[in-house]
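Two complexes are shown next, each including chain A; its partner changes from chain B in the first to chain C in the second.
So, the complex of A and B:
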């Protein structure tokens, strides 16, 4: 037989709580304990409130450019639920829910977007990297962070997040290849939210799914409903277990949608069809989970009102913490250039001058 | 020449290997990765025998991807390891530029010290070995211009070992350029044990009174030949570190000699020699008997190897610059 099948594959799509509220009892069994769900709902309410207020802070000039997370809350939260404290979250910028659950103080994210690097000084013990501004470069750091855990034989792993657009970047492919070839404990999660600013995901790839991007690197690939906390938690738990067992990386495509503009500097109405937005608003992951929890008797209106009220208070406190932090020292940006500041930099810092002669007033006297 | 019992005569590339072996024996965190660094020992044999001694988990043949090598090294370094990635030739640094300058250089300041990148990137540097295109460039000024990186380039076996160990122990990212043209040019006695030389400290190769010549990497050898041929009393300085620059050693020398010639392989315009020229002009103005002169490659693409010696400054061009500066 001259032609045989060299390779065949298929991509599974996982859905547990669908947009119509139908719950798959078999797949969904024991994924998230019912005791934990109210705390999860409170967290989601708070994160959504903070996200909407952050938008207003930018509009009123109290914060710089901010990328809203609304609509994409579930993928990173599922990762945070699936990992341990010692594991790493290596994220992009629409992963606030997971980062906060993993222990990142929300003030850090606000400070970052308020133009203050101190927001990236992630507290010791919180294994997360700061918001990654250049698209698609952080997955290589996740490969290295996971590699270090493997070398140290700690059993810890790294989960990295990126968008559909980031899979067009070379570093994504290099990271996937390194992780798979070297069997590194890494989970790759692509948040396919349909859009890279104004460019639709169809332009990023001619493939039918983003999940299949991982196939050529020799790692299991799966697609899940990114607006379904249960589906995301299932695929994350499977991938985390695989990584922890030393079996290498997994690629997860979370199919979700950016319900807001790319950032506050963007206006999605210029390029996005209103009908498409309406379709996805109906799939909003928060009301979906809330309706299901209410139907199950795990959540009610008064709990929701209470969560809204405590969320508002917490948001106000976080904003005031972020806004009222003492301004950095004028020369603070010199302090962390190197462990030991070279003499030339000390001179620039102390003289506060970049005129090359002016740094030596004794020579000019 | 006799060698003491605790020393071995070795070439520059052997000193690199020896430095890596010494530090790997002392520090479990040190891990080597790159293309062909394992069984093959690297294309220049700089990692010869290391995989046999330390195993494939510590001397890792990685996929062929420069950005991947540097990006994953950044993650290793941020998480408690001491990676020493090798990029095969300086001409292939382009794909890694983003990870080097957008991340390695910035993590310490970006995170206000929460994450640091103690990584040493070894890169064979420069022309003169009859190699193909993009195997002969001199890009050190590009990386010296990036705040957050350190750039080191030894010119002797002794310096190569001491500076490489110092680089691996340095808490910040170091680009360690190895002048491949003099990898095997000569041998000298190198101590067997691990030792360090300070990063940021130049070396006065020969003392002199008439004119200061500043060089680094393979140009130190060319400048030494020129100084030997010259009738004048030349003070030759080997920078050893490109960034941070040892301003004091250069300035003290030119204050004494009043004349300065700077030699580099890289194109003339906007190179490190230009920076040194500015420095000396501004800080030694009243001591100068002549303008600072730069001897460099041309502002062209480095030609293929049939003409590479036309491009690279040698003793004749350096001596012409010395004579012009003395006559000025």
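So, the complex of A and C:
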């Protein structure tokens, strides 16, 4: 037979709690313990409150810029639920829910967007990388972290997040190839929200799915409803187990939608159809989970009101913590680049003078 | 990013950068009134930047005592938007914004405040003077006599120090009133005389009133000066009887108006017209259309002729920097294409038009025009042109007196090609003629140079072999 099939594959789409509230008991069984769900809901309420207030902080001049997370809360939270404390979250900038669950103080995120680099000082014991603004760089970091953990035989893994647009960057392809070829303990999670700022996914890729971008590197690929905490938790748990067992990386495409602008410098109304937004508002992951939990008797109105109130208080406290942090001393300029400060910089630090006019600082004193 | 510093006493709220690199915003609608108690994060106003329609929330809770600006005003980033007080009736006297601006200037971070309104930030708020720090002239004329610290880079401060000059006494002519090195040098030479003749006892902060007319705080942004801001004549009253529709004169329409207003007030326009015999070119055009399978208009061919012509006559492919008094001749042809959209006239830019093949130019124009019509065109595609073409012919008409897309120095309006009795070598024939109207800024382009350029374009259009070879 002159023509045979060289390779054939299939990409699954996983949905457990669908947008109509239908729950798949078989797949959904024992994924997330019922005891844990109220705390998860409380966390989600808080994260969304913080997200909306952060937007307002920018508009009133209290923050430089901010990318809202609203609508995309589930994928990173599912990762945080599926991993251990020693595992790495290597994110871009729409993963607040997962980062906070994994232990990152919310103040860090606010400080970062307020332009204070101390926001990128991740506390010891929290295995997360600073949020990555340049598109795609973090995927390589995740491959590197996974490689290091593998070399050290710690058993820890890395989960990295990126958008649909990032899969068009060379960084993705390099990271995917390294991770798959070397069987590194990495999970690649693409948050496909349909838009790379104003570029629709139809323009981004001619492929049917983004999940299939992992196929050529030889990693299993799966697509899941990114607005379904259960579906995301299932695919994450599977991928994490694979990575930990030394079987290499998995590519997850989380199909989701950003319900707000790309950042505070964007106006999505200029390129997105109002009808499309309406469709996705109906798929909003928070009300979906809330309705299901209320029907199951795991959540009620008074709990929700309580969560709203405590969330509000916590948000106010976090903002004041972030805003009232003492201004850094000027000498800190010099503290974080060199282990041993060169003499010329030492002179600048001590004299607080520059040589920008061509003089030596001591001549200016 | 221009991060503004809000006053520690929460006496007033300074309009921050509402996006990234936003310098001003139009006040669309107030959502609070003077006397209202507002909560933290409560929306104060809806404002429109050149990027988005946004809601501006209050950064703290308090009683709003004053709204600084009227709906329709353009408010600079860095200007006071609202004032707060104890209560509407017994509010403390408002703190002078100048004092706050001066205080803000002392922190090194305020270097980042740029020209974002700090130019007009020293307006005194005494008496009956309107308090909104918008760029409305009547308010900007109220000049603070307060001694304030000049805006300048450390290098310029160093020069002033070397020359023994108090930099705060130097009039800044740079961006946003910054004191430049040449300001310091000029002051060193003529300073004392200049200062005493200015009839001021103490040096004042530069205000809008000090900036020469047509010198934008931001030379690249056409909206920074223009109509409504320099009313030297009393406004003409309008009789509303018989009016069937009142259309707010704002938004994109006003941006267009401001740009045109600035152009005619700045550039000295002259227009030269001619017609090109495009009978042969029409044949070529049809050939090209048949080969490429794409219906081509004359526009891409005219673009080619312009590219050739501007290489021969670089004086017309230039922009004027009014602030630095410089003419910048451009090597590449970044061609502005005037497009009529629902929102009004837009001028997207066809980059490096001299490098484009005929079909590429046609596709480029089609893409830009489509982007303008559905408003999906990114902002960066609307700036940076050095010569503009307006295809007035597609709407009828032969000749025009096009207004230059300032700070460019020339614009070509192309009329509709029409059949005409022509004569060549003693023979009369029915040919196709293309009317062209070229406006130039006479300050930069001599009449003869303009005519020579138009002649080059005409010669190329009449000789397709030379044009396309």
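FYI, the second predicted complex is superposed on the first by the 351 of 365 C-alpha atoms of A that agree within 3 Å, B and C clash if a C-alpha of one lies under 4 Å from a C-alpha of the other, contacts with A are read in each partner's own complex, and residues count from 1 in each chain.
Going forward, a contact is a pair of C-beta atoms (placed from the backbone, for glycine too) under 8 Å apart; a residue touches a chain by one contact, two chains touch by 3 or more.
Keep in mind that what you see is a predicted model, and the values were worked out from it rather than measured.
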Label the relationship between chain B and chain C on chain A in the superposed model as either fit or clash. fit
Geometry of the superposed three-chain model: angle at chain A (Cα centres of chain B and chain C, steps of 10 degrees): 80
Winner by number of chain A residues touched, once chain B and chain C are compared: B
State whether A:271 touches chain B only (first), chain C only (second), both chains, or neither. second
Taking the superposition as given, does A:181 touch the first partner, chain B, the second, chain C, both, or neither? first
Between chain B (first) and chain C (second), which, if any, makes contact with A:33: first, second, both or neither? neither
Once chain A of both complexes is superposed, is A:143 in touch with chain B (first), chain C (second), both, or neither? first
Could you tell me if A:302 is touching chain B, chain C, both of them or neither one (first, second, both, neither)? neither
Quick one: smallest Cα-Cα gap between chain B and chain C in the superposed arrangement, Å? 17
Both partners, chain B and chain C, contact chain A at residues 356-357
Please name which positions on chain C make contact with chain A in the complex. 1, 3-4, 6, 13-21, 41, 51-59, 154-155, 158, 375-376, 378
Could you pull out which chain A residues touch chain C in their complex? 53, 56-57, 59-62, 64-65, 115, 198, 261, 263-267, 269-271, 354, 356-357
For the complex, which residues does chain A have touching chain B? 88, 117-118, 120-122, 124, 129-130, 134, 137, 140-149, 151-152, 158, 170-171, 174-175, 177-178, 181-182, 333, 335-339, 342-345, 356-357, 360, 363
State the interface residues of chain B toward chain A in the complex, per the touch definition above. 31, 57, 60, 62-63, 65, 67-68, 70-81, 83, 95, 98-99, 102-103, 108-116, 147-148, 150, 170-172, 200, 244-245, 247-248, 278, 282-283
